[in-house]
Structures are given as structure tokens and as C-alpha cells.
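Right, one structure below, let's go through it.
A, B, C, D, E, F and G are the chain letters, set down in written order, and residue numbers restart from 1 in every chain.
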Amino acid sequence: MSQTNAKRPLTILQKSTKKKVTIRLKNEVEYKGKMDNVDTYMNLIMTDAEEIHNDKVIANYGRVIVRGNNVLFIKLENEL
Amino acid sequence: MSQTNAKRPLTILQKSTKKKVTIRLKNEVEYKGKMDNVDTYMNLIMTDAEEIHNDKVIANYGRVIVRGNNVLFIKLENEL
Amino acid sequence: MSQTNAKRPLTILQKSTKKKVTIRLKNEVEYKGKMDNVDTYMNLIMTDAEEIHNDKVIANYGRVIVRGNNVLFIKLENEL
Amino acid sequence: MSQTNAKRPLTILQKSTKKKVTIRLKNEVEYKGKMDNVDTYMNLIMTDAEEIHNDKVIANYGRVIVRGNNVLFIKLENEL
Amino acid sequence: MSQTNAKRPLTILQKSTKKKVTIRLKNEVEYKGKMDNVDTYMNLIMTDAEEIHNDKVIANYGRVIVRGNNVLFIKLENEL
Amino acid sequence: MSQTNAKRPLTILQKSTKKKVTIRLKNEVEYKGKMDNVDTYMNLIMTDAEEIHNDKVIANYGRVIVRGNNVLFIKLENEL
Amino acid sequence: MSQTNAKRPLTILQKSTKKKVTIRLKNEVEYKGKMDNVDTYMNLIMTDAEEIHNDKVIANYGRVIVRGNNVLFIKLENEL
């Protein structure tokens, strides 16, 4: 298993910056918005993010930095 | 215990990329789809994944990156 | 993925010192105030912080140091 | 305490590959089957595993890779 | 981001030794007293500390060493 | 604090191999039996272990390997 | 912040070996007895320890080794 292969999910994640994503945190809350940047720990900065709980938008965030260890998954949206 | 032996479960996992898997997370939710790639931390990227809770498909994901520390287990499916 | 890119969310965070932020902790309590400083672990020191629970201010803090591992996210406010 | 002694439980575990084991995870679910391989983090790959909850078999797994940090204990069975 | 900047919250914390602080732990209990010393992990030793739960003093401690990973935040009091 | 002193609880633990111990895990279940070996992470292998819950023996284990991070404490029994 | 200062709470702890302490664990149970030794991870070995829950002694331990990560705090008693 080469080091290059081992990093691939993080590489794909890195290539998805400036795109729309939906992240779900361990507490089941979701954030949908543009992922401005992300690091290998999955710390990420989002802009124009909607906070979604039980399919309802409950708040809006201009710019928010999420601490990576709270992330359950990151869904890559097809839209820009 | 050689270093090679010690890594074997991760090596087998690595060899299962591009195959169908079902992963169960610690929160009991499952994701079934193609495992596009995985790293040694068990971060993985899946495509065409179904989210399954209590045996019911509750959502579909085109591409999703799961943070490895949430993984309970990864079941290797026999189908492609 | 260059090391510089990988650190970017933390770099943006660092550039937001002396600005107003709202942080939410894993226990759902929020603190709104001036972020005097922050380190790469997301330990941060805030001044004139309001403690907010269920949208109500429940306490005020002159100076408080939050241990980074409790942070869920940090919202960057536009105001100074 | 020599380094050799310090590793002994993992060495014994390593010698039990290809044998039948029952593992209990932190969520109280058990998996009984052949332990194909295991690493020092207790990541393990099992084949022909039964998932057991409250003494009832609730699922079967052809091949499953369990993330080591979920393991409570591994019982070494005497049978092959 | 210089290494010096990155450590600043811990530096300020270190400068507050021998002063009065209130610490809140993850289990919501608070301890108010003199912080005799603290390390970078936020292990700290307090003297003449009151244990406070729901705004009531429920115990007194002559000298107590708190393990840093339990700390939610440390409020710096203005009094000596 | 010399390195030798710092390791002392683990050294005493290491010297108690082949003796009877009762370990309590974080989930409150206890295991009483002979501690065949233990490493510095507190991974341990026990033989002829009784599983005890609420003072009742609920299972017996010929050989079981417990992952160290689950250990709350290890009581050293005086009997062989 | 010198390395010496950074370690000070652990240094004081180390100097309290052979003295009486009360430790409280994260599960709210307390152990009161002589702290025979302790390491920098707060693993500690106690002798003649009383297990205390809700102010009642519920068990006695001749010698017990507590895994450090379970420790909430250690109260230094004045008596020998």
C-alpha cells in the first residue's frame, strides 16, 4: 500500500474545495454550503452554510470553521 | 510479529477498493455502495451509496467521504 | 496536497483573532465574544464573552480560555 | 520491562490467526468466526462470522473488517 | 502562523498562575480557587478550591490536581 | 521525576503477571482470573476468567485478551 | 513557558506518593487510600483503598492500579 494510495480520500476531498458539500456531524446536525478549504484532519471552512436539522434549515452562517473530529461524513454535491 | 503481518487487515481492505462494501458506523447507520478508496485510518470514499437504517434505505449519496474514526466495521460484499 | 493548503482552515482562523466570533461547544452551549487568540488545537481565549444556551444569555465572562477539543465550530462574525 | 514482554498480549493474539474467536465490541454486540488476521491496533478481519446479540445470531458475514478501537475483548476459542 | 502565536492561549494561561480562576469540567461541575500551576495539557493544581454544582458550594478542597482532558474552560477571575 | 519512577505503576503491574487479578472495565463488568500477561497500554491476557456483573458470575472464559483502553482498574488479588 | 514549569502539576503529584489521596474517576466513583506511585499519564497504584459512592464505602482494595485516563481529579489529603 503506497503512501499515495493511503491518502487518496483526503486528496479527493482537497480537490473538492470551492464546491458545494453537505457535512453531517456526529450530533446529527448537517451543514450545507461551499467548502472553502479543508485540511487532512477534516477541519473545514464553509461559506454561506445552512444548518439543517431533521430536514429543516434552522440557521445560516456566513463563514464557519468546523473542527474536524466532529465530522461523520462529507457528501460531495454535484452543483457548484 | 513482522510489520507486514501487522498491517494485513488494512492491506486486504486496500485490495477491496472498487468493490461493493457495507460499512456500519458507531451510530448504527449503514452505508452500502462502491468503496472507491480507503486509507489506513479507514477514511473512505464511496460512490452510489445507500444509507440504511433499520433495514430501510433512507437516503442516496452520489459521492460521500466518511471519516474513519466513525467506522465500526466494513463488510466486504461478494458482488462487484 | 501541499502542507500550506492543508493548514488553511487554521490559517484563516488565526487571521480572525481580535474579531468577534461565536463558538459552539459539543455540549451545545455557545460563547459569543472577541477571540483574543487561538492555537492550532483550537484552544482559544475570549474576552467579554456571553454564554448562550437556547438563545438566552445565561452568563458573562471577562476572560475565558476554552480547551480546543470541546469546540464543535467557530462562526466568524462580520462585526468587529 | 523488556519491549518483548510489553508486547506479549498482542503476540499471543497474532499467533491465534486462522483460529476461531469471539470478539465483543463496546456496543455489546459479538462476532464469532475465524480470525483471518489482526494487527497491533486490533483491527481484524474475520471470515464466516456470526453477529450475536443477547445470545441470538442476528446476521452472518462472509468477510468483515472490524476497526480495532471498537474492540472490548477477544475470546480465544479452543476449536479450529 | 508562528509557533509563538500558536501557543498564545496557553501562554496567557501560564501567566495566570497564582491567580483565582473558575474551571468548568465536561461533567458541568465547577471548581473555584487559586490556580497554583498548570501545564500545556491543562493539568492544573488548585488550592482552597470550592466545588460548585448548580451555583451551590458542595465541597471544599485544600489541594486538588485536575486532569487536563476533563477541562471545558477556565475563567480568569479579576480578584487575586 | 525520573523515567524509572514515572513507569512504576506499570512496572508493578508487569510483576503481577501469573497472579490472580480482578479487572473492572469502563462498562462496569468485571473479570476475575489469572493475568497471563499485560503490556504498557494495559492490553492483557487472562486465563480461566469469570465475568462478573452485579456480583454474579455470568460467563467463563478459557482465554481472553482485553483491549487496554477499556480498563478502569486492576485489583491485585493476594491469592495465587 | 519553560519545560520545567509545564510539568509542575505532575511534579507535585509525584511528590505526593506515599501520602493519602482521594481520587475521583469520570464515573463519579471515588477511591481513598495511600497513593503508592503515579506516572505522568496519571496511572496510579493505591494501597488500602476504600471505594466510595455517594459518600458510602462500598468496597475495600488491598492494592489497585487505576488507569490514568479515567481520572477526573486527585485530592491531596493532609494526613499521612
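Please note the rule applied: contacts are C-beta pairs under 8 Å (C-beta built on N, C-alpha and C of every residue); 3 or more make two chains touch, one makes a residue touch a chain.
Quantities reported herein were computed from a predicted structural model and do not represent experimental measurements.
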item: Smallest count of steps, each to a touching chain, taking chain D to chain E; value: 3
item: Neighbouring chains shared between chain A and chain C, ordered by label; value: none
item: Whole-Å gap between the CA centroids of chain A and chain G; value: 42
item: Chain D and chain G, separation of their C-alpha mean positions in angstrom; value: 33
item: Gap in Å, rounded to a whole number, between the CA centres of chain E and chain C; value: 19
item: Multi-chain contact sites of chain F, meaning residues that touch two or more partners; value: 7, 10, 69
item: Running round the ring (origin chain F, first step to chain G), the chains in order; value: F, G, E, C, A, B, D
item: For the chain A and chain C complex, residues of the former touching the latter; value: 7, 10-11, 14, 25, 27, 36-40, 43-45, 61-67, 69-70
item: Touching residues (chain side chain F, partner chain G) in the complex; value: 1, 5-10, 12-13, 26, 28, 42, 68-69, 71-76, 78
